[in-house]
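What follows is a single structure, and I will ask about it in a moment.
We just call them A, B, C and D in the order they show up, numbering each chain from 1.
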Amino acid sequence: MSAEIGFVGLGSMGLPMATNLAAAGYRLAVYNRTAAKADPLVAAGARLAPSAGDAAAPGGVVISMLADDAALDSVTLGENGLARKLAPGGIHVSMSTVAPATSRRLARYHAECGSVYVGVPVFGRPEAARAKKLWICASGPAAAREKIRPVLDAMGQAVFDFGDDPGAAHVVKLAGNFLIAANIELMAEAFAMVEKSGVDRKAAAEMLVTSLFACPVFQIYGRSVAAKRYPLGISMPLGFKDLDLVVKTATEVKSPMPAANLVRDRMLSALANGRESMDWAALAIGVLEDAGLPIE
Amino acid sequence: MSAEIGFVGLGSMGLPMATNLAAAGYRLAVYNRTAAKADPLVAAGARLAPSAGDAAAPGGVVISMLADDAALDSVTLGENGLARKLAPGGIHVSMSTVAPATSRRLARYHAECGSVYVGVPVFGRPEAARAKKLWICASGPAAAREKIRPVLDAMGQAVFDFGDDPGAAHVVKLAGNFLIAANIELMAEAFAMVEKSGVDRKAAAEMLVTSLFACPVFQIYGRSVAAKRYPLGISMPLGFKDLDLVVKTATEVKSPMPAANLVRDRMLSALANGRESMDWAALAIGVLEDAGLPIE
Amino acid sequence: MSAEIGFVGLGSMGLPMATNLAAAGYRLAVYNRTAAKADPLVAAGARLAPSAGDAAAPGGVVISMLADDAALDSVTLGENGLARKLAPGGIHVSMSTVAPATSRRLARYHAECGSVYVGVPVFGRPEAARAKKLWICASGPAAAREKIRPVLDAMGQAVFDFGDDPGAAHVVKLAGNFLIAANIELMAEAFAMVEKSGVDRKAAAEMLVTSLFACPVFQIYGRSVAAKRYPLGISMPLGFKDLDLVVKTATEVKSPMPAANLVRDRMLSALANGRESMDWAALAIGVLEDAGLPIE
Amino acid sequence: MSAEIGFVGLGSMGLPMATNLAAAGYRLAVYNRTAAKADPLVAAGARLAPSAGDAAAPGGVVISMLADDAALDSVTLGENGLARKLAPGGIHVSMSTVAPATSRRLARYHAECGSVYVGVPVFGRPEAARAKKLWICASGPAAAREKIRPVLDAMGQAVFDFGDDPGAAHVVKLAGNFLIAANIELMAEAFAMVEKSGVDRKAAAEMLVTSLFACPVFQIYGRSVAAKRYPLGISMPLGFKDLDLVVKTATEVKSPMPAANLVRDRMLSALANGRESMDWAALAIGVLEDAGLPIE
């Protein structure tokens, strides 16, 4: 795959992912709404595309990593959108966290345009992206999935296949994000009880995340919540968007998720109280306030 | 520590724990309400005590591992209870999951009797007890904790200290049990959405528990919930008791725990629907029913 | 106001409302997607309009009473929609339960077209509509509100004004529907506890709805829930739509509503379990099932 | 019934109730832990009893109106308690809000002592007590209920019978208190959404409580919540106690009540945040805080 690969969306996730592709020897055509974000990649040899569509070539491969469904629509649809520019036969590797319904709709649109859409969301915070430690889920046409496999391997530590439905990988992504966010809430509740019982919340957290819950999600967020410090990885508005997608998707398929509502409300309250620029783990502040505990 | 150690309570947890002590060379005096449970230990050389108090000697060590606060009270209090029989100077190693308030009350009672109470709850299902893989939390007087350390090491893979408050270790235990039970609910909700979205729930679970959530709690319960099979480890009534203790303890210290209430209610509903003899993971059935999914 | 009035939407609410207008002496031009619904009105002298737009005349008044936002859009927008057909100066009396945001958007659209939109949602089940007992909320341009007042008085027992914002009356309508639906949940929970305590649930309900809660909402739904009978007034899908609008509107303004989520989930579960054709009060069945009670 | 009646507990409810009995011509023997509270009654001719037991005579009638189950136990049990002092044949009219289980236990105790216990909880705030507008629920032995009927009529506007089970009336009382408290939460949520939507919360409340919800509970608490003013009637600790009893009773009979948990948590948070001396309607402050609204 010596041809140029397009990369659209160079935010806190997209930039390290594209950087890893460049490091793996891929030639890149990059596009970002704020062009300056592309500077390090351009300095390393990438071509700066003046529009998303310009990052695509007929029969080529373009990766998109964007903030939300609307942003993905805006680069995909229309005369100069990725779906048409990739035709015939090109592949859109859609790595943003979007609604499964959006993914399915865009897959139909690509098919009408003569190109292919693959849903390939990832798990991992920016530091995982940098370390090539992303967990990658993929679903869509099998031939396309096979073809892009080396590209994915250059960005993550494992790829999981979920078959032909282009929305399937996004469903799993939402399920995973729900589990992460909900565990922030759970740990916030648990450590509030611990602190109010006169027990050291950091010691309790340390015990739990090095024994029963010795996995990265708990170590990262457990220590963050226990210390009442929330280093920015996923912003509150993005986190809220994810939980809102979870609830919307669950609603479409008629599957009640009370815990998802609880967490979504906690984030909504964080947004209502001016915490837009904090990490989503700061939903824990609401738990502290409910318990009358100091928030720092 | 060549003296005999008492062991009171030979249920699904106590029996393998006592067995490991015997295997480590400790001489045991064992007591169980249903004496037949002690047969394998007696066959291996343990002394069968006719009552809990008879398993204790002045200045000795007795471990208790019982179903609930009332059972612990019944072996501890009174003329023939452990607290008096251990005096002067003996140590009661209280390993049941009980309320921190119960632990503190019994610690005061032991002090009045001239013996010592140490709160030493454990994490792990029966198979972990057998494999000497329990995680052990301990709190109470420092000298007593130091003295019993070799005994604890013979039953688990690590011991975590939480200081002098005899209730502290129980607070951490409740926090941990809450996190486990609540994750059963979370996974049940997540996999219901996954299944109703037309995605393979076992494949989604497998991805999650081998990547982001690659720790035993998720592997055991994630696979159980995904498969809609609930092998018995912790029975529903015992699980409910734990969550009820969580809510009661949180109430005492005025720390609201909405997710704990959600899970507690899910178990209460399981009990209301005749699932007393199932594993606590069967709370997931309620989630399936709410979503109109097949429960098997 | 001797001119003809248009009436669009002759469902279980619209038909009795239009009938009352006819009885009050108004000449009507009526439209319904399924034309046969208009037969009784046509028999009584109303003109059958072949389309929604044909029920409108420049400078006239048209009332719409439709199932949801999409249906309202479809009769309002476009070349033959109500907004253009009423221009210049005509008034669209929008009585459906829709999102405040929809109301505001349509008000802007009418203004661009040269007509006027007034948001006028109503409270009351079909029997209240027949009895001219509707409670009517109105907001939008003051002159228009004043002009349509006699028309509203012919359909309800009182009109409440909420100022110029055309979405305001819809906000109040959603608040009210939330209170009604949530009280169905509350009574279902209360009467389940009563029944499981061995107390007669109908006697308890009767006491409460003739003393503390002696108002129609409680009398209608309290007796329905207590008797486990749910005569059809508002269908489950329509009820769910309302609660979904509540949650969406609350989300837009960043105001968490945990009780609304609870009730919305209860209805979602009812839909997931095949209760689409039941009254929204049948959300109570989920409460009975959670408690292991007979559902009839 | 010209004999003296005992009245134990002269708090904000008991005092006006006893005052109404005196006004109706009953001779009273009154007892309150803080004796000064009895001054107005004594000034009007009541006898001041030096202990609760001294307010009782064999075969007589004593009314108790106390803060909680423990207070009721303390005046009822023991050598000098009401149960023994009323024997043989006297009647204890127990009007406090207590657990149905407490009521049943005390009824058995009275029977053993040779006296009779009737559960007679009331609905109404202090101003309703003063105005003789209480709603009274009664259950217990039929003959006793019949005998005390005139006494009850002197304190309330209606008496509802719930049969022989002395706990039944308390179950209904808890159900009613749950409905009241939960509606405070509902209105707080509704009016927060209303305010954040730019609509006048008092106007919305006024519309609702004079139409659909035109009953005292809504008028009192709806206006209170809308105005963000919470005149003291039922204190937060007492209100919490009631919701805690609701949840405990529901737990005993295995009937999940998610809305009760929500409200209970809201009150627990109020207590955790220093609102012990406020009316229970101040639970609404937590809703305002979650929405980022001014709390006054």
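In this section, contacts are C-beta pairs under 8 Å (C-beta built on N, C-alpha and C of every residue); 3 or more make two chains touch, one makes a residue touch a chain.
Please read these numbers as outputs of a predicted model, since none were measured by experiment.
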**Q.** Farthest-lying chain, centroid of Cα atoms versus that of chain A
**A.** D
Q | chain B against chain A, contact positions shared by both copies (same if over half, else different) | A | same
Q. If you tally the C-beta contacts for C-D and for B-C, which one comes out higher?
A. C-D
**Q.** Whole-Å gap separating chain B and chain C, where each centre is the average of the chain's CA atoms
**A.** 53
Q) What whole-Å value do you get for the distance between chain C and chain D if each is reduced to the mean of its CA atoms? A) 37
Q) Which chain C residues sit where two or more other chains touch them? A) 254-258, 262, 265, 269, 272, 290-292
Q.
Under the definition above, what is the set of chain C residues touching chain B in their complex?
A. 258, 265, 269, 272-274, 286, 289-292
(Q) Show me the residue ranges of chain D that touch chain B in the complex, using the header's touch definition. (A) 244, 251, 254-258, 261-262, 265-266, 268-269, 271-272
Q: Quick one: which bits of chain D touch chain C in the complex? Just the residue numbers, please.
A: 100, 123, 135, 137, 158, 160, 162-163, 165, 167-168, 171-172, 174-176, 178-180, 182-183, 185-187, 189-194, 196-200, 203-204, 207-208, 211-218, 246, 249-250, 253-260, 262, 290-293
